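Could you have a look at this structure, given as structure tokens, before my questions?
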């Protein structure tokens, strides 16, 4: 699907707001022959931060990747800018984590096969259980089993980090992985871990959100996808959605209806990330597209 | 609008679940000539409680109101049933409370005029400010001003209760009334006070929910209408809804988008209550219709 | 999941409205020891038709299936009632039809495996293409290939009907089956064929609805699940939903976003049918639950 | 509310796509001291059309309005560009049209008072009935009554056009105005007339859409706001939304639920237009923001 599209380069930028940023970036690219296909920007007026995403066709652009890095780096030297350069045909290696529920896992794998996650590769599935090894096999993924106890978590995570580094993983997706990851793990992959929480955060943080929602008698259940930080369920939110429920819905019904939400919300967040449409700052995200 | 519809009687019931409840009620009514137009029931399987709402045409029914009360009371004597009898042409007197925001207030009044709240009367508007006295005047309502300070709240509420009793109020709607009501007030009108909270409860309980939502970076804002209990924002939820927001939305935008939600969610809850479609138990509601 | 629930019987009824129907049915069941767990009814006031669905526990009920049929038949003899009796543990044999798109097919199969479609059996997949034979294999279904040309359609459909009768199929689900079925096929399975149309019907009837939606510049795309009748895309609607789109969405994006809708809308309709919650009349449905 | 915000200038542009458009515009503004606060652009890849909206602070910009027009005109002389220049503090004069339903009318007027439609003025209400004259009076608007018959429509519209020109009207909002306007009227105000149609277009074009929706048995009802063109209900769609309905909803319920939708969808479209976020082409719109 995506293969026939022209290859594009994508610049993600954020810096303290100042005059002329859009023009400076646009002019820089234009002078080097870029055909800009998308340009989005945003200013957080309270925080005074400027965000920009610009995408242009590689064909006709006069700089190599290395030259782009060097020249753009010089251009923004004084701007205190965080920036990253990506290419639409660049492979992104995604590691999936799961436990016993397979709906998010299978949904992502279906989307991957259907071409909805362009240029992703999914080489490895990691789990604290053995249940999903056959899924890994079916999709040609390596399967690694890391059982967890409170005592072994620290050492097991260290091994996981090694494996993930070996596999040159760009993004970790916790597809209903029912273990809390520790600071050491999070810090090894900053803003590279996406989780799906089965509630409308910040409502029902922590364990058993559907049970809590059922007991509170809410009329909607939700799902939230966010970057994982050291604070449980407190990371920057990328996507959220809800679905109506009523007194007729049992706890089982909430779980069933929630599954549909979880799949979609996680997929939306993963797709936004993989298409380089998410910028995060403080505890928030800018999601373009 | 509603005037051409046949007059109906409505029974609301809840009791510990047991065999034969639907049949017993249906048979009781049928034997007395009732043409049942709506019958809804629900069993909470965890709590083991049975809920029923049955509506029938008064024409052709052989019992008077008083006889219905007596005979039905005898029928369910041993069932530990809470029940109430209502009529579709029975006036329900609603007191509105507001502070400075007028969107929920005007919305309810428009719906009232348009016939969306059949058989409601809205004789009085109470406020801790003077801003809305002209609205009361325009709609032919009495306006009562009860300014509040921490010191005067208890005594002011006592006066409010007296006024509300004098006006024979059946339902109190807090249409963005920005004062916490105390236990004495709540206990004077059990399950007769409906509030609108401007968040998706239980997220962002208390003051400034839009500010909190903005700071948390949520991707949806919500509104919740609930019965008021002694615990702030913890009462049984009647209706909830959300609307999407993005990084582009300022705090002002959240407030603007939220207003639309608040109006609709509150109106839905009030309409459900006034059409006798809400049964509450523990901290939950059954909302038929 | 559903296995631990008590076995229930379900009666679906529709007839010209008259007094006492709810009471008559409830009393009939109660006198025979039924513990009614769900009872829904509806009257279409314009058409004057009464609809009822009642569900009760088999344990404690004094009649056998055969006796129920006979005694209930006698009870409603003069009511011009259409009725059917079902049991929650009764297997329902579902045939799936697909062409080249696999998202609805795989989604239904996942739900089937996950226990969301209780007591369904999915013994056979029929397709006008060979692409999905491996899916049938993976799920242990028989696969039958019926290629279609305008010339062969009538004879191929006859063979399909035979196969479906041999397999004792109760419900046919067209899971993105891209062939118009003829009157002979529809008439062989009245109200037993459910289709998913990839638009918000009645908008964009017929071929290429996403292309039409794209060209019309709509701001929402939809999906509709309906019973198949002889008139293309005109059968009684069981479920519908929409999702927002914008000028940024290409035709490809509409198709991608639509797929998520199609899966959910079709699954909701199939689940409603299999749990005996759908009654159809004229060109409409009553969907309880 | 909007008053404390800095005054901004807004350029809306559309032209055949070519390289360097974003950079050319951004550079032009930057060189003249502009602080760009918003910049959105879009390319319709099928039509090959480029769209851009750019907003910058007037303070610090070195050109007057007249100079901006001249210099920008020269810049894009060879681009076949349609463009328009607006200012955030520029008053926009809105004429409201209504018939007998007042919900959209009152909703717009409430939003206007609440500051949701910044810099709009609403000097005149035109109606083919007399029912809303008191509303005009209450809001300090002139009221003009133009009764319509098939015979008088042409001449009445001519008078309306004169009045609207006298009032220097920028935008006409048909707030449930139940008359079809003719080509002469449409052509006098190209892309300056916004209508609300009470269905999810293109479903249920023309009269009585709720009745048609009711008879078709849809599970959602919708509303669509669009620019008025000579073809009834066929103009470019600006905003759409839907709300769920069920078999329980009577035609009256559909109308009631639809009213809430109509208000919101119309208000969203009017706000997008008044904030210069809508560009239309062929039969579509680009809606930024």
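Residue numbering begins at 1 within each chain, and the chains themselves are lettered A, B, C and D in the order written.
In this text, a contact is a pair of C-beta atoms (placed from the backbone, for glycine too) under 8 Å apart; a residue touches a chain by one contact, two chains touch by 3 or more.
None of these values were measured; they are calculated from a predicted model.
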- Item | Pair joined by more contacting C-beta pairs (A-D or A-C) | A-D
- Which is it for copies subunit A and subunit B: same residues on both faces, with over half shared, or different residues? same
- Task: Average the CA atoms of each chain to get its centre, and name the chain whose centre is farthest from that of subunit A.
- Result: B
- Express in whole angstrom the distance between the two chain centres, defined as the mean CA positions of subunit A and subunit C. 37
- Item | Chain centre separation in whole Å, for subunit B relative to subunit A (CA means) | 42
- Item | subunit C residues counted as touching two or more neighbouring chains | 248
- Considering the complex alone, what residue numbers of subunit C touch subunit B? 19-24, 26-27, 29-31, 33-41, 43, 60
- Item | List of subunit C residues in touch with subunit A within their complex | 1, 103, 106, 110, 114, 116, 248, 252, 256, 260, 264, 289
- Query: Any idea which subunit B residues touch subunit A in the complex?
  - Reply: 42, 44-46, 200-204, 215-220, 222, 236-242, 246-248, 250-251, 283-287
